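A short worksheet on the structure shown next.
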Amino acid sequence: MRRDIDVMAEIAFIYPLIALWVGACLLLLLARPLRRATRPGGSAALAGAALLASLAFLVRQGNEGLNVIAFGGSIAGDPLTASICTILLLCGMMAVALAPTYLAARGYDNPEYYVLLLTSLSGAMLMAMARDLVVVFLGIELLSFGLYIMAGFVREDARGGEASLKYFLLGAFASALMLYGIVLVYGSSGSTNIEALRSAVIKESVQSAMFAGGLALVLIGLAFKAAVAPFHQWSPDAYEGAPLPVTAFMSVVAKIAAFAVLIRLADSLAPLHATWLPAVRLLAILSMVVGNVVAVAQQNLKRMLAYSGVAHAGYLMVAVAALGSSHAKGAALDTQTLAMSGAVFYLLAYAIMTMGAFAVLTYVTGTGAECQTLADLKGLARRRPAAAYGMAALMLSLGGVPPTIGFMGKLQIFWAAVAGREMGLAVALALVSVVAAYYYLRVVLTMCFEETGAEPATAGAPRAAGWVVAISATAVLVLGVMPGLLMGLIGMVR
Amino acid sequence: MDPITATHYIGLSAILFAIGAVGVGIKRNPIVIFMCIELMLNAANLALVAMGKHLGSISGQMMAIFVMAVAAAEVAIGLGIIVSIFRSRETIDIDEVNLLKL
Amino acid sequence: MHDLHTGQWVWLIPVLPLVGALLHAGLGARVIAALGDKRGRWLVGAVATGLVLASFAVSCVVLSDLVVNGGEHRRALAGLGPGGSTPDWIRMGGLHLRFEALVDPLSMLMCLIVTGVGGLIHLYATGYMATDRDYPRFFTYFNLFIFMMLVLVLGSSAALMFVGWEGVGLCSYLLISFWFEDPENAKAGNKAFIVNRIGDVGFLLGMMTVFSIFGTLNFRTADGTGFLDLAEHGRTAAAALTVGSATLISLLFFVGACGKSAQFPLYIWLPDAMAGPTPVSALIHAATMVTAGVVMVTRLSPIFAQAPSAMMVVAAIGLFTAVLAAGVAAVQNDIKKVLAYSTVSQLGYMFLGCGVGAFAAGMFHVTTHAFFKALLFLGAGSVIHAMSGEQDMRKMGGLSGRIRVTHATMVAGWLAIAGIPVFAGFWSKDLILNSALGAPLYGVLLYAVGVGTALLTAFYMTRLMAKAFWTPQRFVEPHGDTGHGGDDSHGHGHGHGGVHESPRSMTVPLIVLAALSVVGGLVGTPWANAFERFLEPSIASPSLIVPHEGMPAATGLLAGALVAALGVGAGLYAYRTKGKSGFLADERTRKSNPLFVGATNLWYVDGILSRIFIGGGGRFADRVWRWADRTLIDGAVNAVAWTTGAVAEVVRRTQSGYLRSYAVTMLVGAAVVVAWVLGGSVRP
Amino acid sequence: MLTDHLLSALIFLPLVGALALLALFPAAPEAAAHGAESDPHAGPSMPGGRAAAIRLFALVVSLATFALSCVLLARFQMKAGYQFLESADWLPMFGAKYTVGIDGISVLLVALTTFLSVLAIGYSFTVTKRIKEYMVFLLILESAMLGVFCALDLILFYVFWEAVLIPMYFLIGIWGHERRTYAAVKFFLYTFAGSVLMLVGLVAVIRLVGSSDLSALSIPGSELNDKLQGFPAQSLMWIYASFALAFMVKVPMFPFHTWLPDAHVEAPTAGSVILAGVMLKMGVYGFMRICLPMFPQQAMQSSGLFIALAVIGIIYGAVVAAVQPDMKKLVAYSSVSHLGYVMLGVFSFTHLGMMGALLQSINHGVSTGMLFFLVGCLYDRRHTREITAFGGLKRSVPALSFFFLVAMLSSVALPLTNGFVGEFAILQGSYLSKTAGPVWTAVAAVGAILSAVYMLWLFQRVFAGPLSKEENRAMPDLSLREKLVLVPLVVLVFWFGVAVTPWVRYMEPTITAPKLVRPKAAPIEYIALPGMDGVRR
Amino acid sequence: MQGNSIGFWILAALCIAAAVQVVANRNPVRSALALVGVMCCLSVFYFAQGAEFVGAVQVIVYAGAIMVLFLFVIMLLNLGAPNPMMDRVGLSKPVALLASAVLLGSLAFAGALKIAPGRAVKSPVSGTVQQIGYALFDPGRPWLFAFELTSVLLLVGVVGAVVLAQRRSD
């Protein structure tokens, strides 16, 4: 199990994390000068530099980083880790780009925001790297602490405070549940290391009931972070109350990190699938149905996207179930690979689509009042055609209509589900996606079909947010036609 | 009476955990809710220590220590949020902190 | 089969009128605008008439060629493409149809009738329609009709016949609703087309049955593989025709014939069709198109002949229609309606002939009928023209001295239709009746009813003549320019004023047709039936069916003459004595006598059918739409949407904003998940 | 170069044109500033020259595409099998390739698409509202439709299939009439709902046979096809059902037709034309390309149902059309009826019926396209589609009424027009077929009567009668541009009606390809030529 | 062992009673004090199991520092008991109780809370500072890394508290 310890190599492995932490520290140290600087984007630029550095380290690791097992086996590199970390860093960059104008307009363009963002992101990356449930727990906390505070970052906004409080209390509750799960897993096997658990499970040297109970609680904790129904109720409230750039960040990052762990558990603890597959299926269906159905009733886009996030979490649970199912049914290795790469691809697709959608809202918001409701978008195609059609592309992608990345992602999940013989889930996914199409189309309809007395476009739309919109909308279409461009990244997941 | 084994401790911890969980569901004061969560964490710690002893591994205790550290950081943030809410609203009753819904 | 020397000219027969139609459609209005109204109209009329007459000339040449060079079968195929080529029409999946004419006695006879009588009526129309604002349009349709009718009679396959079949229906529709500004005319046109369509579907299905049995739609081919060839020699050919399938085919085609030839119950369109200009009524709804059913039955006689029960149906329907329509004709007051019902009745006769196997007799009657009925219609048109658009016989009378040519020619037509000896109708009607008597089983019954109808025919025609010409004048002399001139007239407004004889262009055709009505029947006397011999190659071979003579020819002729004389005499007597006022029966009789009431109301057929199909159908369709489409299907779709929305609202309520309820939900969810997982793990 | 990639060039030329349109005519700032055109009939929102340039550009692009399709027609070899094949790696993880090619089934549909697109763009010169977006969407739509007919990979097919919805959704939603929003959403969701399950079925097929190569799967007797037939009949039935449902909704077959009237009525004229002319044919094409060759036994088993639904559709559509107060709705329901014929032909499983179905697909595109153009002309002049608003138009707009008459005759399948050829072949095919037979054919033939009823009645109410309404009296007749749009259609009406054989040659070898006769799938009769086995006696 | 066992039961009962008080008491100050009680009981349990360091930290950090912070905030905000009339979520109490019971019950009945006796390891571990230290800095184990992570976590806690306390930047 243990290799010769090469401390430097191990530390080199966490350079991407260290880059973020150093960036955070630098931001803190330079807080004063930065705040005094006239340009509002100074902190953001520094944070962006940290993210870039982190990405550079990650890229430089290349294939070497794929085989590292570090710190007593608590973290390790593999393709899944690498791809998830890359996606997370890209999301981080987009989130940083969205923030400055928005926050500056509200007088909160503080370096601390970026400190929290960077540490939060490092927590998410840790979850992707983690091979030990303790590190998973610590990663979740690291991820969440930043999010709790960022949600209430604009303190004059009572809604932000409320979002923060709700998110915090429920998040802490969920962590407690998950912690107890980890405790039970530990008690049943004597270890929290996933590799060790895997071999223990194979050797059948675990106490199955305690292990299963623990695993169930861990599942619940992760489901909370990923906003899977019925553990999703924080998300609409938190999304609505949090400032737009924060909503964008937390909607994406928390989900990706949680699913990174879920995918890893589903892949590693294969022999136990028979016990928790039913629960995964239940959560998948519940999440798809609840998310999509309730989204129909939403007028507020942030809430709608929250419910859509719940639904997408459901789709991802389908992939997880398919992964487990293909293990349980002893399917060919390639189906497991497909399920994993499908899930990761979907995470990427979701990240681009959701990030892009929030970017559009941020872009339209500019320095004014938050653009939140459908009514705010009315007639956008006349005011800002590029943003409107970009949003349309993103919405169609979220709805899974070709030729968009959302469709390619959905196709992969169908693929995985069919390969894993989860036909019921596949059909359910197909049916609810019709409901989904309804509310996504409603956004398009409001923007493009409805006409208002077109007021002149608000001056000073944030350029950085505009770039995020442009990039994500283009990516949605280009990758929807040629997902192969990304397959190099995704295809090596296993 | 039976000798006291790890199972007893775990049972006790589970009961404490359940009480804490109930508290989260029924209390209206966020500070108390937060205390209930602390109770749950403490319950987990008890189980950890008991399991560690039973398994002959120090990992249980190590984990318990980290849980405490996490709890400390959490308290800093949680109480900060609560105070911040109070400053802007003059109340922290969670039934009144209810702008976001539906 | 022999090749004709004139084979490469046959295509001109239909194409010349088609060229006319295209010319009028494309250039007619422009020519009139360019040359001025009078000369332009003259040119258009001359081209239209001239092309039809040219077609007649070509037909004559081809016919003579056929008689001389046609050999024993007197049958040839000729391409209908330019220069006598044979272009493909449809060639797919074993279906091979070409534009090709079957030149045989039947088709050439019809060509002569269509182009000959048609040419005369064209000539007549140049006068009748002279002031109509849509003059070129009229001749577009008229020439197009001639083209379609020629395709119908010439077509070498059932499909090509169907082209003409529907084509004449189209022209009929266009011409009936020619004066489209009156909604009634448009409705009549629709009715004609739609009722015809019912028949057409029968034709279509019959055609399909033929194809499914014989694998071809060609009537006759050079190598004897046409379906009529096969049917005639079916007992030895690969595709044998059973009695059952022969009956099916015959009945389906007969449905088509009923539609086109206005047989019960599909005759309801024909009287309404009189809404069209009178030349249209003469050409389409008397002389040519309506006889297409008889032509078709005759053409398919090899198949009909093998289906005795279908023949029985044909005879029965024919006779029934003949009686029914004669009864109605006897009480009509509109001069054109009388003639319309008379046409229906006469068509019934023709089918009676076919039904009893006397196909040649049927065709003979078609021919003579074309002469005298066209004559009568044109005469009626002349009367209407003279009366400045008045069609009601109650407002006529005393015209005999006012429009002498018209009167004289119509007398010839009257005698012909009444069956007075030597006149054309006498010979053809007698042949049919005599064959009916000879029919097995019900021969006597058929004969008796047929004779009764003949009596009725003679009577109502006498009534018509008396009412229009011989009874005292019942109208106020129009004076000055009272004809409805102006833009929105139908063209009846000839602007002459006063009762007057028609122009030369209208009287010449009358005279020619009158002459034909007098002598036209002589080609088919029982003693020297040149007509039957001529037609023989085109109808079922005697091995399949031979009509029986019910009594010696002389006896039959005598009986027929007696009946005609009786009818005419009765009519004359009645109108000389009682009907001086123009009315035979008083008001009370007319209201109370069930026969009278029934006949006046067209035996209620039209009313019932239109109530069922127009009123009921409309309501039904509306209800279906509202109920099935809107309520049921769309309702189901909307219900799904509504349910989703409703569920969304309900589930949305759980998002109460209360933190504790969220926590409790999570707790419940956790309990369920844990219990679910543990339940699964405990069970082995 | 061009010859190697002719199809790709054809498919993507309109898309490139659309992108060029976006690039060449960037959003004008002044247009954005005063772009307050809430009334769709108001004057142009941009300088006239710019709008004209945009229109002309779009027209040129569509004409170029049409020219390419003419090259395609000219070079097409009259034989079975796929031609102009192109293949490139696309989605390695699914083994899906970018494969395009055409055969006798698709070549005419491709030509129809490019042809109608030219006319649609030509007709749309009167559109003034957001003209650039309009043309962009029309061109994208053309690309997507061409893609559907050319795609020879299941996933590629699905991508194009769904992609078609998007531009049409916008076309209806932005440029439609009063209830356009409702109609656009209904159109999208209805058809989307129909086809989502197809995705599951499609993935299942690919998983089963391990390939998404439609060019092989759609050939009975090919290795892949045989492999597919080897799987349990019950699973195949489910998969077949998922495909069939998607195509049924698209066609649309009764009872999945209710999206059609709404979409047709609310769409702008060009949208209705494309919708009726091309998009409905995608469903028919799906049946012929996928359902029949890939699932012969299932198709055979379900043929009773489909024939019944087709015949019900024929009668039902016609009956309901008769009572519509709205002209476009009437034409829409008539489409339901006509497509019923097409489906009857497809499920007759006879050569004649299937060729008739394909022909009728083209014919319906021509005749219904023409009807929609004409109704559009009337709408442009009066801004109403209510039949009662008209009457006696023959007097005021004789040219329009002439074109309408031709379209009507084609629609009622009068001989010597295109409609008759297709309908006759279909009916004859279904008469001969073992699946439909004479009785169903006889019922279907009643549709011919009903079509005369509703079309003639419509004609009577709109064009006959007194010209009583003042606004109708002053109505201008067809403009030169409108005539230029309509004349090609008239030419086709008679060309197909009088000399259809050259067109049949395109499809005949494919449909009668001997490979389609599969002894293994015994019950299915692809061929029923007279004198051969399989003829119904 | 017997004495141990009796002590366990007594302490356990105390502990549960205090925990119930945490939840049941209306007054947050009393809840906090009850929680301190629970923590002290637990500390005794830790010592009883040989986890001396943990027990000490429990008293010093948890019961001492953290709970004082709680009490400080409670006093600072000076809230008192909430108004029972304002209780908006009536059903939550029974449902929460039931759900909790189901959770506990299902864990218990499935045997998820029962340690398999055979797996007990004879060599006892003790939780002295020394042993904890060895374990913490053993590079072959995850604790060193976790320790570093905890430092980042605490940093975030500090930053968070600062952010929440500071004013608008302008």
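When the chains are written out, they are named A, B, C, D and E in that same order, and each has its own residue count from 1.
The rule we apply is simple: a residue touches a chain if its C-beta (ideal position, glycine included) is under 8 Å from a C-beta of that chain, and two chains touch if they have at least 3 such contacts.
All of these numbers come straight from a predicted model, not from anything done at the bench.
Counting steps between touching chains, the shortest path from chain D to chain E takes 2.
Chain pair with the most C-beta contact pairs: B-E. Taking the mean of all protein C-alpha atoms as the reference point, the chain centroid lying nearest to it belongs to D. Distance between chain C and chain E, defined via averaged C-alpha coordinates, is recorded as 101 Å. Our note on geometry: chain A versus chain B, Cα centroid distance of 26 Å, whole angstroms.
If you average the Cα atoms of chain B and of chain E, the two centres end up 5 Å apart. Between the Cα centres of chain A and chain E there is a gap of 30 Å. Residue numbers of chain E whose C-beta contacts span two or more other chains: 88-89, 92, 95-96, 99-100, 103, 106-107, 110-115, 119, 141, 143, 146, 150, 153, 156-157, 160, 164.
Taken residue by residue, chain D touches two or more other chains at no position, since every residue touches fewer. The residues of chain B that reach two or more other chains are 6, 10, 17, 20-21, 24-28, 30, 33-34, 51, 54-55, 57, 59, 66, 70, 73-74, 77, 80-82, 84, 94-95, 97-102, listed in rising order.
Chain pairs that touch one another: A-B, A-C, A-D, A-E, B-C, B-E, C-D, C-E. For chain C in complex with chain D, the residues that touch the partner chain are 87-95, 159, 162-163, 165-167, 170, 173, 177, 180-183, 185-187, 189-190, 193-194, 197-198, 200-201, 204-205, 208-209, 211-216, 238, 488, 617-618, 620-622, 624-625, 628-629, 632-634, 637.
Interface residues of chain E facing chain C in the complex, by the touch rule stated above, are 88-89, 92, 95-96, 99-100, 102-103, 106-107, 109-112. Every residue of chain B that touches chain A in the complex is listed here, in rising order: 6, 10, 17, 20-21, 24, 30, 33-34, 37, 40-41, 43-44, 47-48, 51, 54-55, 57, 59-60, 63, 66-67, 70, 73-74, 77-78, 80-82, 84-85, 87-89, 94, 97-102. Contact residues on chain B toward chain C in their complex (touch as defined above): 21, 24-28, 30, 33, 94-95, 97-102. Of all residues in chain E, only 1-2, 4-6, 8-9, 12, 15-16, 19-20, 22-23, 28, 31-32, 35, 38-39, 42, 45-46, 49-51, 53-54, 57-58, 61-62, 65-66, 69-70, 73-74, 76-77, 79, 82, 86-89, 92-93, 95-97, 99-101, 103-104, 107-108, 113-115, 117, 119-125, 127, 131-132, 135-136, 141, 143, 146-147, 150, 153-154, 156-158, 160-161, 164-165 touch chain B in the complex they form.
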